[in-house]
């Protein structure tokens, strides 16, 4: 397995899905089961490979890139094909391949109209390549390409299989299909951010020429950042801001979040799951992997802004949830709040905070993914998502209701379940932000974030009361509902188990991340904290 | 003084909390469509400002506000509300709706002018008296010493108001009613 | 600082033979795990068993009681110092190259052993009782599963060696409470009660979590032993955050222990089945707040207690004592007017929690915990007795009861024992523990609060007499014919009656049981000296005051309600003007809470949603729409209307000016006032700008 | 603590009072708004006092006078309202526009 260790394993994980998708093109559309089995095989093999990476990963050296490959690619601009994983990206890579498998299991007998499993599965596989690739890319060009690859399949998923209803958009004359509006909004929003992000990348590329050769290589750039090369760069703040726009749209941070409720609500179930579980993490991962190590000084200047926006997102998202009438939209808005905690963790620029954000990402992926699965299954059965019409779900479908209650509890951050650690440690990190950041501001953010957890509990209990509890409304009397079927159970039970395991044994994630995060923060800030102490004015 | 330095003093968190409560109550006093609610929110606003006075170390005045305003004046109001038979439920006709925009503009302008002038006048001046309550003795000496005449005058005004109130509000009974009452 | 050194410095008071625990402390971890095993077994196998899985719950609790009893005796003989077993569940890098370690485990010291034993003992009896009470009810399996979940979470809470595990257990019991209050979730009122309980506690949990962060990050360690040692040693890192941390912790404790004004959830929590009320909302879960205050006692004793807050108006300790005192009297008064038997007991519980909180806050570590200990027995007894009555008459309302002393002799007798113990009649358990609280308040110099507590004792005796008179005396007013409950329910009543009578003797000042010492010694934390006061001998003067208040309460209660409890006149006697409506309305606390939530959250949420839909989305959509609108404007606005519009506009303007001038003279005071304001503003602004 | 933070709250309360004064139809509600304004003035007086620190605590003494006068004002105001109500069966300011009964 030498070739695997030397990096081609990672390439296999990245490109196997897209190769599988190409092969699936050759299978006739009518042979649905063949397409399904083939795609499932590809997804399972990819997941298996990522497990091999996880178990072969040397936790003692989690701060180093392992399974690394670095070969020249576009030599004209010095872009290399450089991939590798470290402790930060490993949990996210495994999560990504894992959720893809679960999404395939779930969609085994859930097909949205117009029914076309082949096309849908091919899009999912392409999405898999994009997601996996983003998490292992160590070259800005490569990162950018994978980052953009995920847009296309998601655009088609929402646009073709999304919500069929019509909607009046203020300012436009005619009604238009919700799914088209949502997909276009999603696409344009993300593209708008990425354009700025690319500008930022190019600025870094040209600037790095002053320090021994222009490069797109992320570790090299991070080394420049650690050495303080970019510290006196006049436009560093602007460059960070450009990257911030690109990543913040994806996270999404308030006020750039408005694409998210529409896209999540309109997307088909599996699309929402992948969007919530993986795609949102690309943004926050970008902050940790690129923006902060490369431009630590600028990150410090921007940190208060990020913290304030995160806190606004937490409070705002929770309050907006309280006003929702649509289950799926409520879950979508809850993502704004939860990702606010993730970003608050990042904004503290400390070991604690960034660890919090990674475990927060993993937990949010598991929990909100499961919530979207459940919302999809409920919509499948009731054909409505209006909470006023639902009620007594626990009586009609005890298992579905029980799992919904469990997931809601996990989502509101109940200690002992995965969601707790992300929230708690983000607050913990905000107590003691990096030296030089305003303690008063971050502690204020901590208090506001803690109040946000109350609001989170409020809307989750509100949702449970409306949907799960009480007597079923008369509309459903006499209906036969089939409780959770075995495909759904197969897709959900692993998520439930993981939520409990991470809740009681967060070391599953921390074990991989902590050394890498400590190394990253030390590199970024230890050097300049002695060199430019008077500048930072702590 | 920068905002974060200001914020790092926990007393200011207390201030923020109380101030927010006061303003919230104040808003509800003038917007509530239920007269009893409005009166009760006035209690909240007054209690909050009493708390602010405590922060400013004016203990005696703060407790006076609590006793006189919350204790006595509000009761008077509730009586007034009951006697005038104001509906104690939501009453949509409580506000002059057409006046709202004008009133809002005037109120905002008031706020803007007042804030501007006080910013102009005081800037970042710190509150001198923190945790050093004014002794009641000082107030007593002031009231019964230098200000004894105004004090008496005010007392007289209060008396006059009392008598005037009784005179005004007393119902002159018709002879028939007078008789009726006498019989009972 | 070395724990043993500290213990030695404290002197002869704790001259117990100190030794590390043996095998029993190793096995103590089983207590934390067995309820969860029972939980899984109940869900897996429970449906088809005779008692729907209650067997597993009882078995697990029985095992726990055995372990807890062994620990109890070992501790009583001075056999256990402070043994902690931990597993690391996570480790992350912290500032200055240190690691922040997250651990789960169990702590075995005097305090936690006492709590283990109370939870296991009362828990086992309530579980057995529930086998009878819940027989034939809906979702019995789910009931026992949630109940086991609660037991596990509670043991995790009291066994927690650090703040993180405490938070896990704390929210775990909150979850179980939510599930069990909403046990009959078909009725949305019960669901709302559950939501209220969860959310009120969540508000308080903000305090707990932030407090944990403040204290934990102050010294970079979440272990109780480390925090308490740092507090006793006056460590600077902790000193800076101690006051904030202590206050936040107290907020958390206020929620769980239902202190005013966060008590509002507890009376509503009575919507759950009665065994739930007995175990969770009377004996164990609600005492978690008091437990937390006791666990962090050195922080209050050495660092935060005397610190002045709010600009020197009050000390931290004064605030805590004050809130406890308000709770104990105000909530006791509410019990006077409640007609629901369970709500009488609920308000009584809140009132007694006020006693405990007052005592612990005033510095009476042992006094507060001793009252916690005795209260668990007699209040669980009273709730189970109430459950037995409710089981028989199928109503919670005391107006449907009466004259039950003949029909339900066992329930009646045990209820009397419990009530006398609660009222504090010598020599029952409540007398000794309440007396100790009074002695503490007297010693620490809280004279006013002392008299409040005496008044509370009077009120307690009064409302319990009323409840007994209405329930057991007079004539029966309900439907059907009530019968005594089965042995499976009366058995636990008699078992609980035993400690309700004798538990008080465990801590009579000056009384020791040979090598077993007494309660004070068992509870003494031997790592950090507590510095609380223990009287050498009973102060019979104080005891007489407390006892006199209780006897007076009973006498007066009997005078008012005794013989003619049925009649309307008896009830009318309580309807004192002003006070009675105020109490019936529960001091308007629910209204106030609802006003706060309803007038802030609802509009805020709608506002946020509005901002999202119309402003943020509006900007996005606007960018798209503006282009089209621009086109329309150029054609429709400029070309078609522009030229005509000018002439029409001139005419309209002059017309409008005329109308406006005419309206100035309206005779309306407010319009004049508006004009006056605007004029004044212009003047002020002019002065300010051109000065 | 800076003095302006209190002055701003007071200004906001005063403005709210102005709003209430102008918008309410019920005379009792108008009086409520006036109370709000008077209270804002008191807050201002206290805040000035905490900066100026006169030896006789003039600001606080003035605040006490204001409270007293306010109490008198409420008493007489309510009495007048009561009188008008009795004669016109209405407590609406709109109906007070004629200076005759």
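Letters are used for the chains, namely A, B, C and D, taken in the order the chains are written, and counting of residues starts over at 1 for each.
The rule is simple: a residue touches a chain if its C-beta (ideal position, glycine included) is under 8 Å from a C-beta of that chain, and two chains touch if they have at least 3 such contacts.
The shown structure was predicted, so the numbers you read here are calculated from the model rather than taken from an experiment.
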| item | value |
| --- | --- |
| Contacts common to subunit A and subunit C (chain labels) | B |
| Whole-Å separation of chain centres (CA-atom averages), subunit B against subunit C | 35 |
| Gap in Å, rounded to a whole number, between the CA centres of subunit D and subunit C | 41 |
| Subunit A and subunit D, separation of their C-alpha mean positions in angstrom | 55 |
| Distance from subunit D to subunit B - Cα centre to Cα centre, in angstrom | 6 |
| Subunit B, residues touching no fewer than two other chains | 6, 11, 55, 57, 96, 99, 102-103, 106, 110, 130 |
| Subunit A, residues touching no fewer than two other chains | 447 |
| Shared interface positions of subunit D, touching two or more other chains | 18, 21-24, 94 |
| Interchain contacts (touch definition) - all pairs | A-B, A-C, B-C, B-D, C-D |
| Subunit B contact footprint on subunit C (complex, rising order) | 244, 308, 310-313, 595, 599-600, 670-671, 674, 677-678, 681, 684-685, 688 |
| List of subunit A residues in touch with subunit B within their complex | 438-441, 443-444, 447 |
| Subunit B to subunit C touching residues, read off their complex | 10-11, 14, 24, 28, 37, 40, 54-55, 57, 96, 99, 102-103, 106, 109-110, 113, 116-117, 120, 130-131, 133 |
| Residues of subunit A touching subunit C in the complex | 169-173, 185, 189, 255, 257-258, 261, 316, 319-324, 350-352, 355, 392, 394-395, 409, 414-416, 420-421, 424-425, 427-428, 431-432, 446-447, 450-451, 453-455, 457-458, 461-462, 465, 469-471, 504-507, 510, 513-515, 517-518, 521 |
| Residues of subunit D defined as touching subunit B within the complex | 1-29, 31-33, 35-36, 39-40, 42-43, 46-47, 49-51, 53, 55-61, 63-65, 67-76, 78-83, 85-86, 91, 94 |
